[in-house]
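For reference, the structure discussed in these notes is given below.
Read from first to last, the chains carry the letters A, B, C, D and E; within each, the first residue is number 1.
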Amino acid sequence: MDILSLFVVVPVLTVLVLVFAKNLKQARVISLIGMTIQFAMSINLIFAYIKERTVNTDIMVFTKDALWFENFNIHYSIGVDAISVLMIALTSTVILAGIFISWKVDDLAKEFFVSLIILASGVFGFFISIDLFTLFVFYEIAVIPMYLLIGIWGSGPKENSAMKLTLMLMGASAVLSVGILGIYFNSNADGGALTFNILEIAKVHIPVAAQNLFFPFVFIGFAVIGALFPFHTWSPSGHASAPTAVSMLHAGVLMKLGGYGIFRIAMYLLPLGAINWTDFFLVLAGFGVIYGAFGAVMQKDLKYVNAYASVSHLSLVLFALLMLNKTAWTGAIIQSLSHGLLTALFFALIGMVYGRTHTREIEKLGGLMKILPFIGAIYVITGLAYLGLPGFSGFVAEMNIFVGAFQHPDMFHRIITIVVISSIVVTAVYILRMVGKIMMGPLSNTEYAKLPKATWYEKAGLILLMIPVIIIGVMPFGLSEMIKASIQPFLERLL
Amino acid sequence: MNLESLLLMRSEIGLIIIILLLIIFEIFSNKKQKAAIIPFALILLAINTIIGFFPLQTGEIFGGMFRTNTLLHFFKTTLSLGVLILLLQSADWLKEKVVAENKATEFIILILSSLLGANFMISSGDFLMFYIGLELTTLPVAALVAYEASKRKSAEGAVKYILSSALASGTALFGISLLYATTGTLYFDTMATVLTSSHLAILGFIFFFSGLAFKISLVPFHFWTADVYEGAPINVASYLSVISKGAAVVILMILLFTVFKPLMPAWTKVIYIVTIATMFTGNLFALRQQNMKRFLAYSSIAQAGFILLGLLSVDQLGTATVIYFVAIYIFSNLGAFGVVQAISSATNKENMDDYEGLYRTNPKLSLVMMLALFSLAGIPPLAGFFGKFFLYAAAASKGYWVMVFIAVVNATISLYYYLLVIRAMFLRKGENPIPYFKSGNYMRLGLLIAVIGILVIGLYSPIYEYIYSFSNVFFN
Amino acid sequence: MDFSYTILIPLIPLALFVILGIFSKKIPPSISGWIGSLGLGTSFVLSWYTAYSYFLGGKLNGVYQTFIYKTTWLNFTDKLHIDMGVLIDPISVMMLVVVSTISFMVHLYSRGYMKGDDGYTRFFSYLALFSFSMFGLVLATNLFQMYIFWELVGASSYLLIGYYYTKPSAVAAGKKAFIVTRFADLGFLIGILLISYYSGTFDFQEINSLHGSIITNWAATSFMGLSVITWGLILIYLGAAGKSAMMPFHIWLPDAMEGPTPVSALIHAATMVVAGVYLVARLFPVYYFVENGFALQIVAYVGAISSLVAAIIAITQTDIKRVLAFSTMSQIGYMMLALGVSKYDGHEGLGYMASMFHLFTHAMFKALLFLGAGSVIHIVHSNYLKDMGNLRKHMPITHITFLIASLSIAGFPGFAGFFSKDEILAAAYENNMLIYVSSVLVAGLTAFYIFRLYFGIFWGKDNTYEHTPHESPWSMTIPMLFLAFMSIAGGYIPFSDYISADSIPFKSHLNLPLAAIATSIGFIGIILAYVFYKKENNLPERFANSFGVFYKWTYHKFYFDEIYLFVTKKILFGIVGFSAAWFDKHIVDGTMVGIGNTTVAISEKIKGWQSGKFQDYAMSFVGGGVVIAMVVFYIWIN
Amino acid sequence: MEAILFYILAALIIIFAVASVTSRKILRAVIYLLFVLISIAGLYFLINYNLLAAIQLTVYAGGVIVLFIFSVLLVHHVELELEKTPLKRKIIAGILSLLGLGITLWSIFTYTFKTATTTYSSIEVRDIGLKLLSYGDGGYILPFEVISVLLVAVMIGAIIVAKGEKLKEN
Amino acid sequence: MIAGINIYEILTLTSILFFIGLYGFFTRENLITVLLSIELILNASALNFVLINTYLYPDLLQGAIFTIFIIALAAAETALAIAIIINLYKLIYSVEVKDTETMKY
């Protein structure tokens, strides 16, 4: 078994073992073991990748290829570059933290973990695929368990949220499938066979008309999950209704699929389409950044705040991707990682607060720092990291994006960049408002004085997520060089 | 023509033998022995199905009235397997309800006759055989729809079915006569060579097409579907939606690709219009349904719309994809109907509301239902996904992008109502959920085969490759 | 010479922060205070040593050399990258001394002041964080490094202001400080982007050496009548103004006094708030050479106006820390205007030198004022002047040191403030009469309000106190004594020997006529204060009434807060935010939900098609066929 | 002569057909249908296809119509008039039928038929019989066999349906 | 061949018959009368086959023989339909179309 396929196999095996779990405890332990292995593998993968990179200069390394559907030339092709490796590491981190955070799920716990891990297997598969078809398959596998996860274990208007989320995402993926077919049927433009293989298609000169036609399909297909305005509305209600671990995984990982897909497919395979369409989508993405930030300011529910914040931050990823230059793209990828970790942290924290106080309304909470010092401290740190304080991953990401975007020779791009940058102030406003209201100030409810402190598994989850945030923030050099090296071939397509 | 060449009709002859054996059994058995009819019939059919999996050469007999090839044979075997699953799923119902009324053997005979008709229909080499096959497929089912003689809905459904289908076959017949007028032949092969595009031919085609479209439940020829499904016993509805429709789709495809190839510019437009209407109407009506049978009826209408996408690409790819999708559709729909059947025969409940909280009491049934519905909705890694994606690909390969786009929009709408069922079963707890019950072994086996089909047909690519390998039969 | 060891100066506090932060619950307060002070003590010694060795041996051919030690931290593009490192030149060394001195004193002082507080260790870890960030800012080799530490000082300031986090006002103040400065930093960031876009570098040395042809090139690309680079500088100045509480970003500073008093002394008087001045000084050549120093003029005027307004407001405030806060603002305005009126070469760069000089002396006496005020507050448990009075006997050391500091800030001859202020006035006099006049006026006002404070606290009415007031412990008074010493001795340092705009030492001397004017104005202020506040009387009230509306406006700080509140709360978040939220919920989400609902509604609407009558079905059957036939024929015919 | 006969038969067919679908007396409708069927048999005679005419008369007139009459008598009182169809429905149905007829006739008349040059005088029963039992080209044994299966199946079906019990719920 | 009558007249007659059948199907309010209309439709087709065979393609008897099968099938269909209608009658004592509208929407 090769090093990459294991990332799909291990979750699947975990699920199979889970099916035979007899009780809650076994289910937890099995999931934990499975995902710990996954985590260890992903750390190993990073080092293996760095080692491999020194001898291998292909775009993708660790590639494996097996024919699947011969007539459509569909292969099970896998391979990774730095970006996928990092995304895999992010995913395994978040899912492991998610397992920790979900320790207390007791209603249909087995099913919960099964769904969660199926979702994860989809995400892992997505990141290792270099075949459009398998990639799409994994993408849908990753999306659909959300319905059950939100619908069964969620809170609030969970049924509607789950429905809205699933329909919008699956609708988008339906649009995406048109785009993928469009690419596929133009992949023989230079002669040769039709293919789904990304690397193969990248060598082909797809006609400009086809690129212009299918770029929006692919872009919108992915951008919906990346919370592009105005298709972001599934996100706030979906996140608000989802159980903690699901919000973490969804905002932390699943939404990254959008940016990743745009980068990997829309930009790479349809470069001319990308160039022709950027202005239009840039306005949407840029607007989304500001709009999401203002949306977050006005929310009363903690999860909604974070959901809108995610809209804002992920629009920033899209915005950066549309800038079509190396620095901005590096920023987009670091932002994906950073936002993944931070938003997972936030959702975990919100979940912990909610689990104790049974409310997420900002107005009803207050002064929890005194009662829950660990959670409070992490909350403040996360908040500061989220608003882009240096020393944390968010800063590195945002600065890459801003500097990169500002290097664009076109005046319009620079002006829109300036507008987008101003979102950092609004971000500060809602983050500080949230932190200030719920953690600081006097205790809002005397009953809260008896709230239990953070448990070992909660601490484990939080620390697990916090460590990479700081590592990226303090030592970004190696990371960004690694990413840049992988971006290079993608960038060359645009020149 | 020698006797050996009769072996080309292997599956049909097998069916006739089974029917005869059953009639003999029915005549010479006493009341006690009657219960043995079910395993007896199942074993016979299973043997016939298994034999069917052995390959068969291509050929024509009876002066070209009957013809067969690998593709047809494969499809007939699939239909046979479908009927086997269907009978497995019906076994409990038969034992509890029908054997008591002393109508079990007849039930099986009628189903098998209809299957025989379907086989003849798709193997037919001229319009006469086609027409007789069509009638043989239809008429026994009409009797079956009325099978629950004590239920008004059943009788009402039967009336609607027989009258509507008589109209449809009459219209088709009129269409055939017009085609006959323009070409002077009823043989497919000959007609394909002499048919030329003219208003009369096109009108004849449209009349003829509407008769087949009736069987496939294409909009606007579909209205009987929901009412009949609702009235009919569940397994009969299942039969209608799976076997009868599947056979009709395949013969339609064959005719379009061979006989009506000269009319292609016209019939692609017809298909285009009908596809759009079918997908939208099926989906829009399915949204509101509470009765599971009606629900599945509309769902199967919408599915039929997707199948038509494959017809737009008149080539090997399209053929293979349509056959593939129909096979997947058979398994998925049988899974869904099987669960409805199981619940209905255990509790007499058929409404979506009744399914609330089903997962907590009957997890396995719910899972089967979920897999079946997700397969219908086209969610990977279930077979339906592959089927649908390849259908899109087939349409896209000929540049029908608008069509593909409409199809994906509809796929999303359809996901909505499939999720409604999932919602009832999984998300809701229900005030008085259906209590746990144990289905019979036949039912379990039937569902198991369906689930295996749903899981394997998609992921295991050699199946598609296999179908593809013989899908060029119409294009040499 | 090798100054690479200076990297230790920020790293020691960083280590302290990490240790104290992570183990804040484990380390007992008695130890953590010592650890903190010891660590900062090391930095303090290192800084003074650096200053000593640099100013004695850092010259080459009479020019102070710049020493840079750096490593790449993050690559943006081929040209643009963030370096981390230290830059040793006269002003950074001077700042090192200021920061380490004040920080060390505040650490020592806090050991006494914070005794018994819950978060004692946490407090010291925050202080360490702040010191680290401030050192990093001071030593920054490039714009982006400075921006990074700029943000970090902002964050540590936020944490320290909100140190008493159960107090809503403290939380609000922290938030306000952070957001206002962040808004200003937005300008800084965009400025950096603009400048780096045109110059292709973040590096201070490169940017500053770019005068001449390249600057002219920049100047060519204009935007709204000004060259892009001027815009960049103005934007950067926005950041500086935010941190240094210049108009109109000053509103956070008074509120920041919610933090513990040592914090106010450290951050909001001596170090962080002068970062803006330091930033402008850092980029001084660019400011000066681009478009004839247009941006620099803005610096000057903003400084002058801020200085005047703050001084006026300071007169009416009753919270002693707020008075000091406005005083800080006013003094920083001084520094800014000094920079603004400065020129580049030799003696013409007097303003530059004066600004730095004043920065240095001001740090000492203002920190001392705050520590004194802290000492008083510590005893009185109130910030308000009305709760104080006649404390001189109870707290002799505090009294004396406070008096020294007051004299220094009032520009009393012989004290440190006298010398530095004189240089500023001289520089202003030479370049801009208007600014000079306002500066002189400010000098008088300064003397008045500071002595109002002094008399109000230590003389005046005899309040009854809950506890008998007593002198603060040695841990607090020793730093005060040291700073008092510096508040006098600082003035005798020959600053122009060390610091100048072009790094070439020059000789400066007291401008006696100007000094005389300023001193006499200062005397008038002191005497007025004496008359008003030495004994309790109703003069101030009558005086205030005679000013009427103007007094009210001043008392309410010219309603700046209210205007801001209106703009942000009402307009930005009320109107924009609310409508965005409404738009999102009703229009965007409404559309998406609407699509779903429409589909369901259509479904409901057309259900009648399925009428249940099979003849209707038949009609649709035949009708469908006919329609299809007609459509196909129609298409065919056309 | 033949033409006149044809016109008469055609007129009869159409008139009785219309009468059959409009008559409000159900038994009369059946009888009108019988006339239609007989007239059609007449047409078969006219082209010398006597066998078919005979089948038409025996199967239809003899079998189906009798079946109809029995069933009518079983379910209906003879004198009872049928319910009136709403006018709206009639109009819509009429328009639809006319439209369909129009388009059909239009298609027919725009098509040029190549009328056969050869002709046969009569269709022998023997020819038909041979064809029906032949399994070679142009033989009809297969449909003949299949239709027998069909008849068996339909018979079984009809019996099963007819032997159903009475409605329990009512 | 009928002397003096051309194929168009024939086809006109059968088409009219066919659509009269359809009209009847649409409008009759009684199930049995609906069934009568179906007989008209089937007969129209049967006539078509025979006459087209006679007029246009007399060398092969395809249409003529087809008609025999049509008549057989029509009889079978009618029988089954009547059985089903009678079954309905046994349940609800009505053969009116309007009584077969319980299942809808």
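We adopt the following convention: a residue touches a chain if its C-beta (ideal position, glycine included) is under 8 Å from a C-beta of that chain, and two chains touch if they have at least 3 such contacts.
Since the structure is predicted, the reported quantities are computational estimates derived from the model, not experimental observations.
In summary, the chains found to touch both chain A and chain E are B, C.
Common neighbours of chain C and chain E (chains touching each): B, D.
Nearest to the global CA centroid, when each chain is reduced to the mean of its CA atoms, is chain A. The busiest chain interface, judged by C-beta pairs in contact, is D-E.
With respect to chain C, maximal separation of chain centres occurs for D (centres as means of Cα atoms).
Chain centres here are Cα means. That of chain A falls 37 Å from that of chain C.
Here the CA centre of chain B is 77 Å from the CA centre of chain C.
Our note on geometry: chain B versus chain E, Cα centroid distance of 27 Å, whole angstroms. With each centre defined as the average position of its C-alpha atoms, the distance from chain D to chain E rounds to 5 Å.
Residue positions 128, 132, 135, 139, 142-143, 146, 149-150, 152, 155, 158-160, 163, 167, 171, 178, 181, 199, 202-203, 226-227, 288, 416 of chain B are each in touch with at least two other chains. Residue numbers of chain C whose C-beta contacts span two or more other chains: 596, 607, 610, 612, 614, 618-619, 622-623, 625, 629, 633. The residues of chain A that reach two or more other chains are 167, listed in rising order.
Pairwise, the chains that make contact are A-B, A-C, B-C, B-D, B-E, C-D, C-E, D-E. Those residues of chain E whose C-beta lies close enough to touch chain C in the complex are 22, 25-28, 34, 97-98, 100-105. Across the interface of their complex, chain A is touched by residues 25, 72-77, 80, 82, 144, 147-149, 151-152, 155, 158-159, 162, 165-168, 171-172, 174-175, 178-179, 182-183, 186, 189-190, 193-194, 196-197, 573, 576-578, 580-581, 584, 588-589, 591-593, 596 of chain C.
Those residues of chain A whose C-beta lies close enough to touch chain B in the complex are 68-72, 74, 108, 133, 136-138, 140-141, 144, 147-148, 151-152, 158-159, 162-163, 166-167, 170-171, 174-175, 177-178, 181-182, 184-185, 213.
Residues of chain D that touch chain C in their complex: 92-93, 96-97, 99-100, 103.
Those residues of chain D whose C-beta lies close enough to touch chain E in the complex are 1-3, 5-6, 10, 13-14, 17-18, 20-22, 26, 29-30, 33, 36-37, 40, 43-44, 46-47, 49, 52, 55-56, 59-60, 63-64, 67-68, 71-72, 74-76, 82-85, 89-90, 92-94, 96-98, 100-101, 104-105, 108-109, 113-116, 118-120, 123, 127-128, 131-132, 138, 140, 143, 147, 150-151, 154, 157-159, 161-162, 164, 166-167, 170.
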